[in-house]
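After this come two complexes, each holding chain A, first together with chain B and then together with chain C.
Then we have the complex of A and B:
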């Protein structure tokens, strides 16, 4: 899987010394990770290890207390999801973040509606664009006029993925994208990750499944109790090594 | 693997989902779905039925242009305030201060004209500004301070109403005085007569405002954001909607609409009275609920609110013409409210 990622240049994303606390609990404690173009970095850890919280600092959902984020080597100010989008960071949230009563096209373009010259929403063009991208991602998708609450789990997932992919993301965050999916749909997501990786996107993948991380990712960053246990090259460690990192917080000796 | 392979792989994947879309539905489910797509349909059906029933029972006494347009005149204030209430409820909020803002705005328009001798145009502008400001404060507290809308507007209701009584010293400005010195304040009381039908400017304003808002909610990004915020605030925020700005704009606009209702109120009753419009809060919420707008936010149509207000108007006038005790009206409206919310819950299950 990990062909050869060129890590000599400037990283696409560098999160440096990130900390965030809720009340007295340090959800993320001085964590640094980076991500290079064409690379998939898996984020692993127990529930509450802080991986989702860390990544929400990058997607703009949370504001970090301390630390710095660099995008292509330039310091980035990300205070809300709109800021993140300006840096071409797109996120597929675990909750999907869809407005249930709106249809697929309205959700895909929510916050970035296509409008006619007089400022009215251009429903026809948005639906056409949605049909086009859904044709690529999930050719069986037909319910374009139904509210997304009427869709199945897999269909809703594909709407959320389409939204992240449509706007030419450079950096993609996927928070447990396959948690609600069947085996076939999981395969589709894996194929999509491969394709996007080849296009030079950097992907942060949060996942519970160690085997899946080993298959899809180039590197894995493991967190425990808000702290970074370590970052390892997935091909140089075994599944057991990664599990040991998750459970015991122990970094294998030979790892990079 | 190249993109073509990927698409080949994708096309072989989830066939069982496609069959889900084509699943047979019972007529009841299809009806349920229809209502889900057209939330104004239920109140429209109830409105047409109630007009028909009273028409049959009362004949030309009810079914005349005069009586039917009288209903419009009687609901104009509730209809206008209902527009404000509907907007707020669509964001999953509630505005208990609409009636108070309306009255204070009308008092500002009256007092600025007669106490300070300002030109009526300026006084009206100040009244509109006053309503907008009250709404803006509501919106700011809800959006930025994250306070529950119920609490914010409950407090605002008391504050605005007390301000209204303190500032006006509980004095009414008489109709003749307004008519002689500042007819602009009674602008919405002007009438157009067609046959026996009487349309006041206030009625026309109510209808135009409802249509305009319905159009804006459907056809602008702002309208879509209002629905999205009411639907799921967190999801809207994560999708890049500026939730705070949407909320503040909705409450401020609601305040402005209430101020217009205050202006129309002067046209309706002729005078400026700080004690008028006490029931407008409850009546506007009633219109919204009977109109099929979900109190859970994110769903409903503003046209439904207008139908809801008209249903109440039809029952009120119809029962009065039949000589029934006014309490029968309240009893039936109460039943309608509970029925409307029951229907809403049933429609909400459409996709589950």
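Then we have the complex of A and C:
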């Protein structure tokens, strides 16, 4: 998949020496990864390896204990999700982070509502925008007036994806975005990732499917027990090499 | 409160009709239950329940609890509770009573019934509500103390702060202008009531038309035109019917005589006048409209419901949920202050026991009105209907002559049964 990403310039995102602990558990322990424009970096690791925790430091959901984040080479202060949004970082959380009692449009625009000239929320316009983007992402989606609690797991995931894509992100974080999707919808997300990549976005993709990572990503970063095992160019390693990294924590000899 | 036994059987047809009209079936159920209740009491009291006089009294008795219930909806929607509203009302009432009987007439030397007295008292009351509400919200949102505990403490604290403010005395009579908010002491009269009713009807029709136009402009499906017209006609009839009933309650002749005497005139032979819309009810309507707009059409309202539905998602969407908690409790404080104006001016004095047990009535009204204690779900109109149902039950039983202890047994049972029916209803409709 790696059609020559230019990694000579400043990275879009550089996470340096990130650490965060919950009580005694070092969920992320001195991890450094970077991401270049137009690049997809896969994050892999066993359950509880610390993948979600790492990206939550970038999305502002958690405040890291130590480490630094650079966006376009400048040190970024990300203390809450609003800060992250200001840096054009959009996130699809593993838990989807939807308010179940609200409809798709309200969720899509949550925190960034469109308003009428007098400052009231413009539900009709938000629904129209939602219909438009959902038509692109998941044409089968029809339940626009139902609360998202009435949607299937995959439909909910589509709403979360639409929210991340709608606001012109430059950095996209996708935490297992296809976990609940059917084959056709998964295909559409893969196409979407390719398209966004071509537009120059940088994408962190967390996924347990090694084949999918090899197909969609340029590089793969593997974590184990909160530590970074290594970052490899997906084209220069085999599926078995990556599996060995995930399971045994062994970095292959010829890694990039 | 929703299903009368006949409803489920008639459901398919009824529900389709409701869907075409886009009326929520729970609202229909509640209105149905309310009408049934009224008819039963009307029958049991030999036709004394649904008279202009009793309907007038019912509405003014509902106002105080109804106003606070709208705020309780937001509190419960955000997964909190407020047990202190009755006590908070008492403290606001005490502050206002002291302002108008001691501060303005004596300290400021303005004398009795000065035109500035009532506004000054109301400002003091609102300020008190805002400060105490903000304090509650801060303890809950920023210090993380559960709302149940904070407001349970508040229940004891504010009741007795009120006691100390007045040295435990009854303070009255209150300022003449202030008493206009009490209900029967301040009504619009027939003409202005009609004017108000027509304005309301026009506003409602405009809102329906505007919403339809908006949908068409975005190519969304709209309901058939006949349904729209029927809904408009129904709403207009309800508003004007309500005004007509309130206007039909005649001011007694002796009172009219006194009113004319006060103006130095003599009551003309055969002159009659209706009370019309009480100012306190006008206040409730204004509160209901404002709170409904906040709930459905503002970011604040959107965030309140989002936070109730999934606090983590709200936080991750960049909503400051702590500050939101403070705002919700400030609104509750303001509404307690408004209720304090109505409640104290209705009894024409401030007393120590004012608002006692109101927290339970207010919570019950919100819950009967369909507010879910799990958070995220609730409507303003539901809470007001809930307050109306509770009040009708209470006054109806009093009119029938039910013993006071048994009245409370019935009200308590109704609360539990209403929530049970609502739970079953939600399971069946899946929302």
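The rule is short, and it goes like this: the second predicted complex is superposed on the first by the 256 of 256 C-alpha atoms of A that agree within 3 Å, B and C clash if a C-alpha of one lies under 4 Å from a C-alpha of the other, contacts with A are read in each partner's own complex, and residues count from 1 in each chain.
Just so it is clear, a residue touches a chain if its C-beta (ideal position, glycine included) is under 8 Å from a C-beta of that chain, and two chains touch if they have at least 3 such contacts.
Please read these numbers as outputs of a predicted model, since none were measured by experiment.
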{"item": "Combined model on chain A: chain C and chain B, fit or clash", "value": "clash"}
{"item": "Touched partner set for A:128, first chain B, second chain C, both or neither", "value": "second"}
{"item": "Greater residue coverage of chain A in the superposed arrangement, chain B or chain C", "value": "B"}
{"item": "Partner chain in contact with A:137 - chain B first, chain C second, else both or neither", "value": "first"}
{"item": "Chain B versus chain C as contact partner of A:248, first or second or both or neither", "value": "neither"}
{"item": "Touching partner for A:100 - first (chain B), second (chain C), both, neither", "value": "both"}
{"item": "Partner chain(s) touched by A:150 [first = chain B, second = chain C, both, neither]", "value": "both"}
{"item": "Which of chain B and chain C A:192 touches, first, second, both or neither", "value": "first"}
{"item": "Where chain C runs into chain B (options 217-225, 235-243, 253-261 or 415-423)", "value": "415-423"}
{"item": "Footprint overlap on chain A, comparing chain B with chain C", "value": "59, 61, 80-82, 85, 91, 93, 95-102, 106-107, 110-113, 115, 119-121, 147, 149-150"}
{"item": "Chain B - residues contacting chain A, complex", "value": "1, 3, 6-7, 9-11, 13-15, 17-18, 20-21, 36, 219-221, 223-225, 227-228, 231-232, 234-242, 298-299, 350-351"}
{"item": "Complex contact set, residues of chain A against chain C", "value": "59, 61, 80-82, 85, 91, 93, 95-102, 106-107, 110-113, 115, 119-121, 124-125, 127-128, 147, 149-150"}
{"item": "Partner chain B, residues of chain A touching it in the complex", "value": "59, 61, 80-82, 85, 91, 93, 95-102, 106-107, 110-113, 115, 119-121, 136-143, 147, 149-150, 152, 154-155, 163, 182, 184-185, 187-188, 191-192, 194-195"}
{"item": "Of chain C, residues touching chain A in the complex", "value": "214-215, 217-220, 293, 297-299, 302-303, 305-310, 312-319, 376-377, 430-431"}
